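Shown next, in structure tokens, is the structure this report addresses.
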Amino acid sequence: MSSCAFSTCKLHDTLLDHEFICNKPSCFPKHLVHLKTNRISANLSCLKISPYNSSTWQQTGRLQCRALDVESNRTFLKGDLFQLDDVIEAQQFDREILSAIFEVAREMETIEKKSRGSQILKGYLMATLFYEPSTRTRLSFESAMKRLGGEVLTTENAREFSSAAKGETLEDTIRTVEGYTDIIVMRHFESGAARRAAMTANIPVINAGDGPGQHPTQALLDVYTIEREIGRLDGIKVGLVGDLANGRTVRSLAYLLAKYNGVKIYFVSPEVVKMKDDIKEYLTSKGVKWEESANLKEVASKCDVVYQTRIQRERFGERIDLYDEARGKYIVDRNILSAMQKHAVITLEVDGDPRAAYFRQAKNGLFIRMALLKLLLLGW
Amino acid sequence: MSSCAFSTCKLHDTLLDHEFICNKPSCFPKHLVHLKTNRISANLSCLKISPYNSSTWQQTGRLQCRALDVESNRTFLKGDLFQLDDVIEAQQFDREILSAIFEVAREMETIEKKSRGSQILKGYLMATLFYEPSTRTRLSFESAMKRLGGEVLTTENAREFSSAAKGETLEDTIRTVEGYTDIIVMRHFESGAARRAAMTANIPVINAGDGPGQHPTQALLDVYTIEREIGRLDGIKVGLVGDLANGRTVRSLAYLLAKYNGVKIYFVSPEVVKMKDDIKEYLTSKGVKWEESANLKEVASKCDVVYQTRIQRERFGERIDLYDEARGKYIVDRNILSAMQKHAVITLEVDGDPRAAYFRQAKNGLFIRMALLKLLLLGW
Amino acid sequence: MSSCAFSTCKLHDTLLDHEFICNKPSCFPKHLVHLKTNRISANLSCLKISPYNSSTWQQTGRLQCRALDVESNRTFLKGDLFQLDDVIEAQQFDREILSAIFEVAREMETIEKKSRGSQILKGYLMATLFYEPSTRTRLSFESAMKRLGGEVLTTENAREFSSAAKGETLEDTIRTVEGYTDIIVMRHFESGAARRAAMTANIPVINAGDGPGQHPTQALLDVYTIEREIGRLDGIKVGLVGDLANGRTVRSLAYLLAKYNGVKIYFVSPEVVKMKDDIKEYLTSKGVKWEESANLKEVASKCDVVYQTRIQRERFGERIDLYDEARGKYIVDRNILSAMQKHAVITLEVDGDPRAAYFRQAKNGLFIRMALLKLLLLGW
């Protein structure tokens, strides 16, 4: 028995007769199911059993069916290590996967116009299913797909699917859209939506931000940018500065940095938007050293990377005085820059502050997304 | 003399000198007109006559012009039977055309990625001209076009053309857009808009829904789904259940079913949303047996297909009690399912209820739309 | 030393050591800069200098850097005459450039589906960055790009970039988008926005309308249409009729006509929307004869071209009586048409009045835009 990545689907795998019991809601009559697992890639052709004949289905939204035939496909595996099925959250990656993704991203940087490499995704269709607009993120993904020869279906109006008139659940929308396309890039306003989509879909799903939840491709490009600028990730000292309570990117970055050895993190923020305890506890449990400081200049002088997030006025309510003080105190200016070491770099939260574009993050984001599309659609 | 399909355009055809008198509004100076007819496909090169010199034009929106040369093109004809010019309403199809379209749709199911078949529309451009959003329908058409190698121009904002500032008529918009593209897929909020567009355009037009009017590709996919599930259309018994007064798909389905032999239709609906008389009279005139029933369970036990449409609360005004009663009485639940015959299937109105996706209708819709695009752009 | 087109960027060019001092804001560490100049095309690989180390940068939004190596690329030049870098305003074109663009546009008219010519922009990506919707203009550009084998990234929601939440400047947006694409077509609501974008971007920018400012591709297609219809531009007599105060196209057209010899322009408009003095003075300074007239019929009898712009009710405030009078007096009707010479043509402002589509302007606009895309991306 093995279980699907990001899914409640259970597989009862009897190798002798190749029969599976599957309780995935999307596993229905005559449908060819591509089960996504960490270990094997199986094509299941299900028996025709009406979902309405299954009492469990109506109660739980699930259905039992049986696979007639299973073909194990191990060509996608790299050293039997992992198969990338979906990109849902930063925590899903360990340092081996990160390293492999970054290697592919660097290959993407070298692809030239009209070369063979620029056509590897020819014939593939990606849907950008956006429940709220995010032009920057959408264009980055669509550019990545087209730079590899793939095609795109776009909607920034996906909320219409779940409008009062249509009343469709996210799961139903995913089941429809997966019929039209080969991969779904989804932006949603609700935390956890991407995971629900991936549980439903039989094609890969990439989370392009789900509300206050995750934005894993942003986190990946932040780490990729640091590695490209500093040359390493082990042993780096990173100052996270600004609004640490609300930024999903700074939280994801902390998660990812915890995967490297000897990392030291400094939190520098106004009291009202301090880094939350869950991240601090996670870092401690992973053996990552961290400390809080109110002295940005001193922190900056010690760090290899200063990661600045934008402080939003609305977080301070009516205390504009505190907001003005915070802006003066927790923003990297020339005074701070002069204290920084020669080799150090500043990275900026792309989502919140476009000046990050100065640091090639937009381009790095493109390469990371090209790498992920290639890995999800073609494998390693 | 022959007349254009879906057009008021009259052709006075004198074969000896190849001269046509055409009163199509779009037939103007130097413009190469592709006249769409059921019987011949003619390219007309018009004399340069200013529309302003024509007194009839200013009054009627029409213009007279003369063709210098006509080239009959019969390569598109299949057994001299028909040429598909536009897809405007379900009634335009007879069972021979339906059968031929379904045959092409089944071919579409077998097209593989990167195969030669997946590139047959390479070089063709489709415009999705949507006056109101319908993400599901739009993505289905765009996926169909791209699965065949074609390209897409998208707008869900076509209403802007006719905004107060621009003040453009539908006809003018069509004349502009046909300059940019090879085929127009139009969604409009007004009944009859698709027919007006087809009358104007010199390229094919597909109706992707015009207000409370038609949605013919939806009707086609419903019939296609039934044939795929049951294996035949002649002699089937179909229960139409739910809101029969307002659903355009259930009305179109009734029209199409009337083309088959020995069909029996049962209408099961609350009083307030009963099937309207025009459809009943049409069915009677075509020799189709039908009856109304309030006993869904009994009907379900007799039918091969139960077609469920969603009952919308707003149809009942303030009589929430009637609405609640209707929902309990006219919805297929496990009790009804247990009464159904083993081979029977349930289909659900895709437009109104997304659960239909369970029944492969989304995929069937994709194949039907691929077939129509192929037929309209390349012929049989 | 040479200076960039539409840019404040200064190049201190010492040919011996190939060193440049560049103060372009987008010229930053490791970035490969494609400097756009009228005379040379240079690729600059900059030294890694943090923008924060430059005191001038923070004050002026600029940055100094040095080029390590320069490769002059003269293959794009046609007779060493000009290189098209951006399309920002009608005034940037002289008659030689106009003539060359029109020649390319005529070549575009002959490109056939699936021919080699229909794929010359394969591998290129265009972004349509629209800060306000203009479906007609957007579809025309996107059709042009796709007719040449190129790909498109679309947003009509670019205003989201500069929303309160994101607070991004136009320059920052351009720096991000240029990372995703090869050419930017921008529509903006502010006059001068296109010039600012072109100053920032290291890829070509086409102005698709910036507020009450310029709409140069529209002006180009008007002139192209006149040349196609009348056969020449020197010595033509043109009546500009209607709202001459507010239409940007009629103003751009006047600028372009001033580049030809022996042109005579008649202004015919209600008092409240007369042609403004700046254009009149410009024409006088260029030796173009012009006169104002209230007698449309007399003017029409003398002209080769009558260019009609729509008169908008809102320009007249509460004086509906004046509006009604103006409509009767300054609109080309059958009475005016009968006074016109046989060879004369009427062109209509496409932006304001869709009837212009009758005059093949939509198609001409497509060919002009295809020509510009080809020239900007591939050179002559």
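Letters are used for the chains, namely A, B and C, taken in the order the chains are written, and counting of residues starts over at 1 for each.
We adopt the following convention: a residue touches a chain if its C-beta (ideal position, glycine included) is under 8 Å from a C-beta of that chain, and two chains touch if they have at least 3 such contacts.
Just so it is clear, the structure is predicted and the values come from calculations on it, not from any experiment.
Participant: With touch defined as above, tell me whether chain A and chain B contact each other through largely the same residue numbers, more than half shared, or through different ones.
Facilitator: Answer different: the two copies use largely distinct residue numbers here.
Participant: Using only Cα atoms, superpose chain B on chain C and state the rotation angle in degrees, rounded to the nearest 5.
Facilitator: The C-alpha superposition of chain B onto chain C needs 120 degrees.
Participant: How big is the gap, in whole Å, between where the Cα atoms of chain A centre and where those of chain B centre?
Facilitator: 40
Participant: Pull out every residue in chain A that's touching 2 or more other chains.
Facilitator: Correct list: 154.
Participant: Under the stated contact criterion, what part of chain C meets chain B in this complex?
Facilitator: Residues of chain C touching chain B: 113-114, 118, 133-136, 138-140, 142-143, 146-147, 154, 156, 332, 334, 337, 346, 352, 354-355, 357-358, 360, 362-363, 366.
Participant: Taking the touch rule as given, give the residues of chain A at its contact with chain B in the complex, in rising order.
Facilitator: Interface residues on chain A, with respect to chain B: 28, 30-31, 50-53, 55, 58, 122-125, 127, 151, 153-155, 157-158, 160-161, 166, 168-169, 172-173, 175-177, 179-181.
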